[in-house]
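Structure incoming, see below.
As written, the chain order gives the labels A, B, C and D, with residue 1 at the start of each chain.
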Amino acid sequence: MAFNRREFVKAASGAIVLASAPFVLKRAGIAAEEPIRIGNILDKSGGLNIYSLKQMQALAMTVEEINKAGGLIGRPIELLFYDSQSDNQFNSKYATDAMVKDKVKVIHGGITSSSREVMRPIVDKFKGLLFYNSLYEGGVCDRRHVSTGMVPAQQLAPLIEYMVKEKGGKKGYILAADYNYGHITSKWMQKFIRDHGGEDLAVEFFPLDVTNFAPAISRIQAAKPDVVWSALVGGAHIAFYRQFEATIGKKNMMLASSTYGVGLEQLQLSPEEGDGIVVATSFIDSLPTAKDFIAKFKAFSGDQSYVGEYGEYGARGLLIWAEAVRQANSAEPDAVIEALAKGGVKVNGAGGLYSVDGQTNHTTMDIHLVVGNKSQSFDLIRSFEQRPPSDTQMVCDLNKNPNDAQQYEIKL
Amino acid sequence: MALRIVGLSPPSQPPRAWWWGFAALFAAFLLTMPIYFDIAVLFSVTNYLVLALLALSMSFLWGYGGMLSFGQTAFFGLGGYTYAVMALNLHETTGAMIVAIVLPMLFAAVLGYFMIYGRISDIYFSVITLVVTLILEKGIRATSGDQYVVGSVRLNGQNGIPTTPALQVPWNPKVQLEIDDVFYLAAILLVLTYVGLRLLLITRFGRILVSIRDNERRSALLGYDTRRYKLLAFVIAAGVAGLGGAMWGVWGNFVGPNMFNLGQAAQVVIWVIVGGKSTLIGPIGGTIAVQYLTDWLGTQGVGQVSLVLGIVLMVMVMLFQQGLLPSVGLIAAMARDALSGARRHRAPP
Amino acid sequence: MSDEIILETRGLEKRFGGVRAIADVSFKLRRGELRCLIGPNGAGKSTFFKMLTAQLKPTSGQILFESKEITRLEAHEIGRRGIGIKNQVPDVYDGLSVRENIWLAASVRARPTLARAKVDEVMARLELEPLADRLVGELAHGQRQWVEFGMVTAREPKVILLDEPTAGMSAEETSRTAALIREANKLATIVVVEHDMQFIRQIARTVTVFHQGAILAEDTMENIQKNQTVKDVYLGKSGRA
Amino acid sequence: MDDVAIYAYQIGLSFAIFILISLGLAVIFGMMRVINLAQGEFLMLGAYFCTLITKAGVDLWISFFLAALAVGVFGMIVERVMIRYLYGRILDTLLATWGLSLFLVGGVTTIFGPQSESVAATLGQVTVGAFGISLYNLVVIAFALALLLGTYALWRYTRFGLVVRGTMQNPAMAAALGVNTGLVYTLTFGFGSAITGLAGAVLAPIVGAAPPMGVFFIGKAFITVISAGHLPLLGTISASGLYGVIDGVVAYISSSVIGEMTVLFVAIILLRLLPLGITGRMRRGI
């Protein structure tokens, strides 16, 4: 197999990006300053790396850009990468390493809720800062934790209103991954479906390793819903979209999802299988605001394929943190937290305006209603500007309780 | 002909003086580590020490009881979950720790009775233990819903229990163990378990157990109820694994279904294989070596860690079947034989 | 020798698939006897021994030991009641030392101090002291046979079953084994399976002949040697009489 | 009527998947007493070869067989380089192939990336009352049956099958009769691998091809083969049948987790009652 070595190395390794840093830094004339160390803990290997690989590259790219442009508050950023290998024991270990041994100012990372929940107490204990760049089920209330991804209220409300009201999808059948995200998301789905006068016929949960959906599809056929709602996650569950198209077909039944596209599912399915799935997301490659980012990312990574939301999260997380550092004029975690609490941290990113809500440390962002097309990508239906993380806001107020450090499960 | 490996005397002999010296040195080295290393190193080493308990559990059972259980992770996970659930419910950790050792032992007693008294053959024993740990994993993963509560604690399925409490000082529950305290505790527990298991081997029970590994039929014909001894060994190993699991929960303030999974079960085998199952100290070394390698690879940007681990395992099995430590001894034995052979030729008749 | 029957089988039968390895064997052994079992290869002698010690389960029939039925007992229960066996291939702990092997046998019943004394006694009787710390796996075939013999006697069984105790031994070793067996016979009832007629003549009073899974004849050695049927099936063919 | 058809379909598909994932392992374990833990990764390789070959423009049906061939050759190389030094050491083989499994997952991720690859086989669907059934799923069932019959015929009626069975029963005798036993081992392992590769290829249009996919299947395959006992074909059919029915019915009426857990549970009970597997007491057959 012929490798383009440069591309391969870049694709394979965050550490190599670091190796090129001194040269870049010297050119930018900031090498003399003491660097700001940051850590990125993601799953380069193991089953979860479909969510991580582009994100770590986007983050490394953003670091390089900031350094080229003169650094952050006059200092270069030094990025340390840790491969948590899709195993929480490494999240625990590397978070401690990053805080204690490497003394990083911020940790970006964590894909699953469980990896985040392993790292959060460690970051709390050593008074650090954790940026969790991933869509999740909402409810974490902790000033040392910043969520830059979507939470259910942001994403599901517009999606479900559109499907029920405009597309006539009154009767819904919900399939979700069998873990916290799926359970909580499915409850939000039920709530919004009912709110809009629809009916949820059934909710089913699937362990992450299920690949045979034939029994579920037969049950769906027996129940005859208008829409199938999917909150399925991970490589194995992609099989569902394939089997759905082969058995029922989107001609006969609508399919909408909170997670489709997150793991670049559309690239892994045939054009027909992905065509017509309705999704709400905070980023797609074809957004007008995304052109510049996409071009830079493709040049940086040498990878011409679709980038997607999880790739963009890497850049988004770092940019938001960098802006907070600038406002605080310090990279020290407590100073950054204070800057965030003021609520004025706003960044114009590739998916629109991101502003951190000081009450919850969650991010207000634009949500884009999109539909899968025949070219393994998405078409924009419409955008909903500046949707707040209202679910988490219902339960969390860090201004009132700055010492809160728990995840609320929102009761419906 | 059986070649006697240097430094490897039959387990039934009481440890020699050098062994006590070694054990003391090992303990002293561990206990003085906090002087030389910072807390991040201690934190990772604690992880190795705790996992070494799991490796000890397997190497005791496999190396001396002749039973290869692929499912020691079942007891490891059970120990961890028991500790987390009990400690969160009781707001007290000493009792939780004890239950976390006892419950896996009870479970092992039932499961072991079923298998050992059912005279299930070796390979099926391995498979059934593996299946059991996979069932537990699947079962735990399926508890994400809010209806799965033990006492006041949500089991949380896939996400595990990330609020696993820190250990309290038994006589003063207000004081919680910090990272360096947990390190001391893990080091002491490991040394005690190691010495304890080693001494167990020279008791009547230990010697009979080793005889069963060597030739079960002979032991039965002599009149030993081999099933009883095997069951007891299985139960003891489960207790050690349970202790490891509970300590792992204490170490990372987290327990999760990954504790049960195939990858974790594979790792245990790899540790023991690398270290060599014919000793108890080997697997401890194997655990530390392999875990350090995995940690280190994770920060080196070399690509896929599993690629490297796979190669390590294949090379170990193909080239160093005895494990690294005993292989060194074996080479020494062959060298010694060659030398003494040469001397014999040279000696006058 | 007393008239008390110590070991008895009634209509013992063993089938492997469609093959009858042992057919309707009714066998009686008096306490204190030294009995030899002979018969051509495949006559079922080893199978018979294995059933007596629960290494194989009989298809039908009964085994009685000291007038109590032991047919369905586990191997270790039979061992505990006092039947010891030396199997055809040396069945020892190759990975353990000679002393350890004997100790394991001696300590089935005895308390630790008694067991240690017993080990010393057996080692002395079998002249195994120089080998005490060698691994049994390192020893020569004949030595391993003696180790096993030592193990069987060390636990002081009431009945000892010996399956070809002299296989692979030199003439000198064989006669020593014969002496050891006679010595052991003072304390225990012994059944020996052997092919070596010289050896049998040295030790046996009564001989039982197995043929095709059944008992063909049972008598003194002299009478057996005169028995025409036995000659036909066994002695005649082997030509060793 | 619909219900009967849909149950039959669920059971059939479940049975077919059990057969596909375990037949290769059964051949290798049943014939050679080698437990190949990298079997799941062989399946994965089959799926990858299938998607790659299809992407190169080859017809899907032809690519199935090319994928089988490729994995078969790969299996023979593995046998030559690794397995043959470990015969008779069942645990060592198990560990070495475990290493191979980790190595392959890492290797494939490095080369192809972590995302899954796919291949489309849109044959359409047939309608049974209110239910649509994917036509391709029926093809999968047919493939599983064909694979069974083919393997049976090869073993039972060909010279190769006879030589293989003879060699496995008594290698020394076979060697004395002039059989190149080394070659027979290589070919048998290659054949088992090829079946697995074919299974992976046939499953690819349903489940795709992704580096960790082997792990999803190996547990089930392992349990099927162990439950089967020492007659690889008959045992696999019975075990797959049993587990297929349980999984198909339970997964349909409750959920797939309960289905899988029931299968694992039944496996334990079964091994307790029949410690040598379903065919443990049978003496003849294949």
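In this section, contacts are C-beta pairs under 8 Å (C-beta built on N, C-alpha and C of every residue); 3 or more make two chains touch, one makes a residue touch a chain.
No experiment lies behind these values; they were computed from the predicted model shown.
Looking at chain B and chain C, not one chain touches each of them. Centrality by C-alpha centroid: the chain sitting nearest the overall protein C-alpha mean is B. Farthest chain from chain A, judged by C-alpha centroids: C.
If you average the Cα atoms of chain B and of chain D, the two centres end up 33 Å apart.
Averaged C-alpha coordinates give centres for chain C and chain D that are 49 Å from one another. In whole angstrom, the spacing between the mean C-alpha positions of chain A and chain C is 76.
Each chain gets a centre from the mean of its Cα atoms; for chain A and chain B, those two points are 38 Å apart. In chain A, the positions touching at least two other chains are 12, 45-46, 178, 205, 207.
Those residues of chain B in touch with two or more other chains are numbered 138, 141-142, 303-306. Counting partners per residue, chain D has 106, 109-110, 215, 257, 260 as the residues that reach two or more other chains. If you sketch which chains touch which, the pattern fits none of the simple shapes: not an open path, not a single ring, not a star, and not all-to-all. Remark: the chains found to touch one another pair up as A-B, A-D, B-C, B-D. Of all residues in chain D, those touching chain A in their complex are 6, 9-10, 13-14, 17, 106, 109-111, 113-123, 125, 130-137, 205-208, 210, 212-213, 215-216, 248, 251-252, 255-257, 259-260. For chain B in complex with chain A, the residues that touch the partner chain are 38-41, 43-44, 47, 138, 141-142, 144-146, 156-160, 162-163, 179, 248, 251-254, 256, 258, 263, 294-295, 297-306. Interface residues of chain D facing chain B in the complex, by the touch rule stated above, are 35, 82, 85-86, 90-92, 95-96, 98-107, 109-110, 215, 218-219, 222-223, 226, 257, 260-261, 264-265, 267-268, 271-272, 275-276. Of all residues in chain B, those touching chain C in their complex are 1-2, 4, 10, 12, 204, 207-208, 210-211, 214-215, 217-226. Across the interface of their complex, chain B is touched by residues 12-16, 44-46, 80-85, 87-90, 92-94, 96-97, 99-102, 112-114, 117-118, 120-122, 178-180, 182-183, 205, 207-208, 409 of chain A.
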